[in-house]
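Below you will find the structure I want to go over with you.
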Amino acid sequence: MNPHDFTSGDYAPAPESSDHISLKKSYDLFIGGKWVKAASKFDTINPATGKVIAEVSSAGKKEVNQAVKAARKAYDGEWSSISGAERGKYLFRIARLLQERAREFAVIESMDGGKPIRESRDIDVPLAAAHFFYHAGWADKLEYAFPGKKPKPLGVVGQVIPWNFPLLMAAWKIAPALACGNTVVLKPAETTPLTALKLAELLEDAELPAGVVNIITGDGETGQALVEHSDIDKVAFTGSTAVGKSIRRTVAGTDKRYTLELGGKAANIIFEDAPINEAVEGIINGIFFNQGHVCCAGSRLFVQESIADKVIRKLKKRIGTLKVGDPLDKNTDIGAINSAEQLARIKALVNAGEKEGACIWQPEGRLPRKGNWFKPTLFTDCAQSHRIVQEEIFGPVLAIQTFRTPQEAIEKANNTPYGLSGGVWTDKGSKIFKMTTSLNAGVVWANTYNKFDPTSPFGGYKESGIGREGGLHGLSAYLNL
Amino acid sequence: MLDVTTLEGADSVGKVQQMCAKAMRPLPEDPSVGPAGAVCVYPRMVKVAAKAVKGSGVNVASVATAFPSGQMRLKERLAEVRYAVGQGANEIDMVISRGQFLQGEYRAIYDEIASCKDACGEAHLKVILETGELTTYDNVRYASDIAMAAGADFIKTSTGKVPIAATLPVTLVMLQAIEDFYGETGRMVGMKPAGGISNAKLAIQYLIMVKEVLGEKWLNNKWFRFGASSLTNDLLMQIRKQETGRYQSGDYFTKD
Amino acid sequence: MTIKKTYKLFIGGKFPRTESGRVIEVRGKDGALLANMSQASRKDFREAVVAARKASAGWAKATAYLRGQIIYRIAEILDGRGEQFVSELVSHGLRENKARKDLAQAIDLLVYYAGWSDKYQAVFSSVNPVASSHFNFSAPQPNGVVGIIAPGRGSLSELVSTLAPVIVGGNCAVVLSPQDATTAISFSEVLATSDVPAGVVNILTGERDELGLEFAKHMDVNALMLCSSDSDETRALELEAAENLKRVSVHPNKSLKEDPYLITDFQEVKTTWHPVGV
């Protein structure tokens, strides 16, 4: 085929270069400003190729204890002695360094986690920098945030983050914690530790005092040891609802504070008076963003029955144009599934959907042979009583139900233990606010979806979590009021 | 033993499909909770329902005969029965002409039921007495006797469309009629109370009454049905409460 | 001869006896029987939650102005019945001046929170300057059904200090009140005549050891205000509350100070994104 033959309609590969990144073969733990060796190591794998990228350390109880001690020392020492304004300057500095090295972080994020470079480059990394920049400004202004209160830091914060937005979640956790005067022990997810470790290097460059942020890698046991540690004052967790509940039990009856940012099964509701083409884009972005590895993904689509056929036809057409493949290709829409384990879970639930009688649809085309992949998938003729509607799939799978009236849409949208997010599509303003106020969810998008901003509080109702992150409301989670 | 029911002017394809999913899998995460006896819909929705429940063992019941009033010529009412059966209904819930009954035209009631039974063919016939409009226990008893004599497979209390639906005393009268009919003819007739039975506590009172009057032979979905829409989730919540010791929330049980 | 009052429970705007048939003898200082109070069972508690859930959508949707007026109305009616409460508190062993102070405090708390009904939303909301073309704001919404395990010493102001911040925010409450005081049930007579919609407040008298865990376990209770200075009790309840991630806010076992943050303890923050453009 002539590469300049535009009539063929296919795009040439446009891979992002990975020449400019620097990765070590092996990473230690970042504790007390030093790189500390652990007894054992494990590999972190590129989910798009199955190849090992680097080995990282597994922190045991001993190293967790070391990290908490380092954080306590920093909290009792230098970090508490400097002013809010000076703390803020560190955060501004971190934000700038992250912006300067944005491309490197984006490439590593896509290699380690499988997300398309377009997303890591345009969303994850810039938003992470923005979070540091936003919170930097709060560090010396906290008394204005809480009328009648004199806020004080909590102390040492243990933070456990997931694999879907590795750097962004690190920023969501570290930036407010430091702005509020706390010190941190952060544990990145087992399958995506690299950008957090690169962030540790960046913190060294920023000359952040030793022990203010400690980054320890490992699996669930490392996280459990951190959460259970008697000398942390607060736990911040993002991850599954099951683990969230177990953390809640761990801190029961203690003075430890906690914020939990957990699962979801969001309803995205489209009315017959919606701008349909824009809504279709929003639905696509709502569920296929980051391969659907998003706790707030719009995984339940409610379409008004009168426009269901039209919307489904347009969705199929649009999904047919999505490119699944190399995360580092700038044209890629859907990257690799983060791990073999997650892929197996997606497949199991999709099989259940078919078995229960929902109609599956997937676009034509083949997936790469190596690595973890899953096609963007639609289920039509779904009902609340299907498992694919009840359970969080955390993959590129959309379950479509129809509804007749706004009341019915509200009742079904809220008929779930979750309550993280929701979406509404209609051109009618009064209807938007009727719907957004009636949805039991912490974040609701009207005529848009999956938008995030450091100024905008994020977090769930019901079993989707406790507490908010970001914005003014996110600060209280890191302060004694 | 549940006929999961939607009988609204607003019933649409989507609504019926979703209700069928609920009837087939009341508790999605636990397949050991068995399906409903039947789904009950209007004739126009029979085809949709039949397709949705195909192969699941759930029957499709359809109301017919100018439900809920019955105020139409017999000819058209029988045509409706044949239409619903043709669309795939295995069970027909007919209404009797209460006006004629109250006028004393008992023969006409017998005839309409017998003709419906004929029109049903293989499908089971449930005869709705609309006891709230018959008003006296004597009328309920007499209508029950007529329905059974005319060939009813089931007798059913109510349409759910008038203010007074199933009550325990009315059901007792009907159960006694069934018991007497069985004693005299040896033929078993099923019972379906419908309307207003919305929680497990009330449901168990009905079941105990069936057990005491008719015996355990009737305690299965071949001979006893509840006509209800919100009972399912209350039953599931009570089961979960039994298992976990926790009172439950509606958020955890699917509404289809 | 005086006519003695029967003290029952307060559920869904009605005064039922406990289904369990159990009573608690409440005796005054002199040993004379003051009341055979109902000792609520977990089934009574279940009924109370059903009543609260039923009332919850309407109360959350009531205008802030209306909620404020109703809570002020409670203060008015309570003031009008003041002497009754003074003598009741005295019969439970309080000195008269203490009883008067307790009553005055309770009335002041009601007036205080009535005034917050249409202000906490503004004080605790934000408009968020997001870096895209969206109007973005965050505002509080009530949790829903809140269980209150009230302080265990039976004063009126203690009860009001826990209840008022919960209901002013649009929540419905199920209160477990100490078993040795009739004041909570007399207070429910005030509630029943103050235009408080049925089910918005439900009051049970009973054994804390028996019912506390049920409050924590119930899956349809969204949040729990626990007034406890006992860390074993707190831990036991928090362990159970984890199952549906109830919002738990723990306070000492005594009267709570006036504080708008007690209102926000029982609010969720909802963030709404709305595009801007033509």
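Should a chain be cited, it is by its letter among A, B and C, assigned in written order, with residues numbered from 1 in that chain.
Please note the rule applied: a contact is a pair of C-beta atoms (placed from the backbone, for glycine too) under 8 Å apart; a residue touches a chain by one contact, two chains touch by 3 or more.
Note that this is a predicted model, so its numbers are computed, not measured.
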If you tally contacting C-beta pairs, which pair wins, B-C or A-B?
A-B
If we define chain centres by averaging CA atoms, which chain lands farthest from chain C? Would you check?
B
Per the C-alpha centroid definition, the whole-Å distance linking chain A and chain C comes out as 37
Between chain B and chain C, what is the gap in Å from one C-alpha centre to the other?
44
Quick one: report the Å distance separating chain A from chain B, using the average Cα coordinate of each chain.
49
Going by the touch rule set out above, which residues of chain B reach two or more other chains?
250-252
Which residue numbers or ranges of chain C touch two or more of the other chains?
243-244
Could you say which residues in chain A touch two or more other chains, in rising order?
417, 462
Chain A contacts chain B in the complex at 305, 308, 356-357, 381-387, 389-391, 401-405, 411-412, 414-417, 462
Which residues, counting only chain A, touch chain C once they are in their complex?
130, 147-149, 241, 244-246, 248-249, 251-254, 260, 262, 417, 432, 436-437, 441-448, 451, 453, 455-459, 461-463, 465-466, 468, 471-473, 481
Show me the residue ranges of chain C that touch chain B in the complex, using the header's touch definition.
46, 49, 214, 217-220, 243-244
Quick one: in the complex, what on chain B touches chain C?
245-252
Complex interface listing, chain C residues touching chain A
123, 126, 128-132, 134, 136, 138, 141, 222, 231-232, 234-236, 238-239, 241-245, 247, 260-261, 268-275
